[in-house]
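Multiple structures follow.
The following pair of complexes shares a single chain, chain A, combined with chain B in the former and chain C in the latter.
On to the complex of A and B.
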């Protein structure tokens, strides 16, 4: 599914990957500045293309544009704060500021959705399990077992449908009959799955599960390379956060658009750092020729 | 030195049913034991009793030497259900993690196990991406990774196709010979395993009726069949074709039983070659060999099959159908052409992924072809079609067999003919594989379909159950219905088919009467045909 599962970025320690995979959407969520939002949205598209391919980007855009429009229009219709009036009815006025604020919020939500779509590509289940497996062993094993159950159940559902569905040879039946048949299929699925899980339980017991303390297979080393990457990430994201906290990139929509015009340099710098942080998996590939350079 | 000592072991289930009667068994270091017997004789119970963690609930008498859990490995029948985690790598590590070993030790053992079994190529795969044969190999490997001294296997290959089965047994033999791990293998298709086993145990009704080497086992089975007045050959014989043929020879010639009996195809051919030399002198060879060949003769197709275009006597005419599941994946069926005539038992043989199940789904109108047509017979009437899926469990949703039959509208007469009347009060899941298959058959036959589609009806069944279901189907065909069955099972096809087709890579390559089909094929044929070829 992932078109680039083996990137240089994926060799980093899972802790860093988790930091990136969670950091990107959280950072986006805290953004108020429209330029930074646009940068984040753009980076999210690039990363989605990088990890999941062009098709997924289009699929994502098709899935979210309606949401974007909805939020924008909803804010436009209900919020009448702002100075620049576009048009007016007897009781309400419609302002450019509320339109833009709605658009920014819509963009934010879409960007966050895109970031979470990349989550499993950045941090595979295996690495996620490694991070939490030591502390929450049972939960980690449970998660792994559940992941195995998904395709298995899907397979069973198709098998049951194949076996019990003879609708092709009959007239269309009444809703009641169809519902009844559906219920039968569900009960069949439950019974079958439970029966199979007894065998799984036996297999676990036979291999000594529950006999005592468990060990762990996965292991990742935190090397100086990881440390370097972490430092770069912290520098970049730190600059962005600092800018936000110090109010260098504050942007307000109401009563009318205001931002600190003297801080243009800051704005550009912070957008640059943000892009640097968010596009890290990409530019690591580009410059990471490693041992080839002398 | 023995690995495990079982002394006077008896076992009874809580309902008072005695399953094992005073079993004595000593398993020597590195021994390869074959445990056979009809289904329901107590093989599984015995194996489970030897492994304390999964021993069934009930009263147990007798003694057993104490062995820690990790020193006995256990492989179950179903490849899917015994896998616990979602990736191959994690699955290999699961048992080792349970032992609480250091991370370094676990990693090293996983690596060396993967290399030994050749799993390293697909170690990063998800468990749902790999085939059934690979799954069972993984189950074996993850047990071996724990370094047991004794390995118990409960019909591990019964769910696999012939190729995967051979592969698994080869690996199992390597485990035994190279690692010196003692093996107890319960199995009902033991033709290929007989020459390899150090000891064969034949179990019936909870007690060992035979204990000894393979030669003795063949002799024992022969005697036994004679006592029961049953034919020595066929699906339920339980011995290899080579041994069957040699036994006939002796019977006919009334030779003294001193010679070593052949067990494999190679030995069978050598045996017959020697007899031919001897026979030339006495001049009785021709007559004898004809008699033997006669026994393995397939059903002669009574009628001529129609030519390509004609619709005479046609049930369904499949006209160049193409099918693919997704636009991204290649076509599964590629211009498939097949003529199904009324009143024939038509068997389609083919390997894994050749499109067998897909073809049945299209005929059963669960899927629709992308290109091509399914044409009707002369009367242009769509026959009633019913599909029996590979796993009959997908059909069951009631608490008892009786309710299930009622729901399907099955008559008592039909239930009786399939031998289901004594099972009425049982839960469908408590039935054996063969009984489940028969229940599924009863449910689809209730509508009396003109064309019955079967997907691997003999999967996981022993010879007796196979014969039973084959006889039932034959009766149904004789009543004027049509049966189309896809299978891997060459022996089953040889015993019951009127017409055989070979499906390869989405195309039907040949459709012939069973006799011609099996005589012509050198690889895709029965052992008996291989031995008798050109002799």
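On to the complex of A and C.
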């Protein structure tokens, strides 16, 4: 699914990958400034293109534009604060500020969705289980069991269909008959999977599940590369967070658009740092530094 | 039994926490609600997973949960072409009724997580985990108390569960991305999604009608025959799952 399963960034320690994969959407969600939001949305598109390919970008845009419009229109229709009035009815007014505010919130949601779409590309399921497998052993085991059962169950479904479906060359059957058949097949699936699961459980017990400490499938070590990457990430995201906390990039929509015009330098700097943090996997690959070569 | 009732009380408290926080965020128009609501919901999920770890479940208690989650999320992917027509809610409810509250919760939460690994993760993942987990947990309690002995009650509960699931997920957009939350915004959002909500509710009823009797019987037989997820553990201790 991923067009770039091995990048320099992916050789880093899973903790760093988790920090990036969670940090990007969280940072975006806390953004109030429209320029920073645009930067984040652009970076999300670039990262999606980088990891998943052009097709996925278009697919994502097709999936989210309606949501964007919905959020924008909902804010516009139900919120009448603001100074610049676009049009007015007898009971209420519709303002440019609320339209822009809605657009910004819609963009925020779309950016967050795009970041989450990259999540599994940045942090593979195996690494996710490595991170949480130690504290939540049983839940991690359950999750990896589920991931393993998916293809197995799909195989079982085709087997059951082949065994039970006698209607391959027949005319279209009535809905009731088809429904009945479907239910019989899904009941077979339940019985078969459950009987198998009992076997799995007994075999797990026989091999001593729960008797000792559980090992990991893959091992990761925290190296100097990871330390360097962590330092860079903390510097970049720290600047952005500092700017947000100190109110350098505050932008308010109501009563009318206001932002601190003397802080233009800060705004540019923070947008630059934000892009640096969000595009880290991409620029690491371009300059070819910061990770172990495979 | 003492520990069981205490932990169940604790879990119910954890389940009640997010609605209160969400209401406060909606009323005060908290600017970082999109991130904060996800954090609150993840925190509410935590006690269940920790409680499950501490029980040190046997393999025979684990595997059926995995199987039910897989079937529930495959069912969701199977019907993904029809918007909001999904058997997941019904399957989670049946699991909860047969295997108890905690197993129901885990089945619901893990089905949401696992099915989103295929259908796409998003900011909605924790919300779905919480909502389906809650459905499984509550039907587990109802199953233990035998509230669903009449099928009419069960179908009504299923319809309600389907609709409330969607209404709860609507809150994600309302609280996170629409400010201030006025009653017009609420009415507009909920009327826009009403058709989808009804589809979810009635598909849950349909699947409950078709699956509840045969699956209940099968899961009950498994419970009896193999002693999975039953009250009596091998060592003679009581299991709370």
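One rule holds in what follows: the second predicted complex is superposed on the first by the 259 of 294 C-alpha atoms of A that agree within 3 Å, B and C clash if a C-alpha of one lies under 4 Å from a C-alpha of the other, contacts with A are read in each partner's own complex, and residues count from 1 in each chain.
Everything below uses one rule, namely that a contact is a pair of C-beta atoms (placed from the backbone, for glycine too) under 8 Å apart; a residue touches a chain by one contact, two chains touch by 3 or more.
Quantities reported herein were computed from a predicted structural model and do not represent experimental measurements.
Of the two partner chains, chain C is the only one touched by A:179; chain B is not. With both structures placed on the common chain, the touch criterion links A:213 to chain B but leaves chain C unconnected. In the superposition on chain A, contact is made by A:74 with chain C only, not with chain B. Judged by the touch definition given at the top, the superposed model places A:125 against both chain B and chain C. Contacts of A:141 after superposition on the shared chain: both chain B and chain C are touched. Touched by chain B in one complex and by chain C in the other are residues 125, 141, 145, 147, 187, 191, 197, 200, 202, 204-205, 209-210 of chain A. Note for the complex: chain C touches chain A at residues 31-32, 34-35, 49, 52-53, 56-60, 62-67, 69-71, 73-74, 106, 110, 113-114, 117-118, 120-123, 125, 173, 176-180, 182, 184-185, 188-189, 192, 210-211, 214-215, 218-219, 222, 226, 228.
Residues of chain A touching chain C in their complex: 25-26, 29-30, 32, 70-71, 74-75, 77-79, 101-102, 105-106, 108-109, 112-113, 116-117, 119-120, 125, 135-139, 141-143, 145-147, 149-150, 153-154, 157, 179, 183, 186-187, 189-191, 193-194, 197-198, 200-202, 204-205, 209-210. Every residue of chain A that touches chain B in the complex is listed here, in rising order: 125-126, 141, 144-145, 147-148, 151-152, 155-156, 159-166, 168-169, 184-185, 187-188, 191-192, 195-197, 199-200, 202-219. On the side of chain B, the complex with chain A involves touching residues 51, 53-54, 69-70, 73-74, 76, 78, 80-87, 89-90, 93-103, 105-107, 110, 126-128, 139, 142-143, 146, 361, 364-366, 382, 384-387, 389-397, 429.
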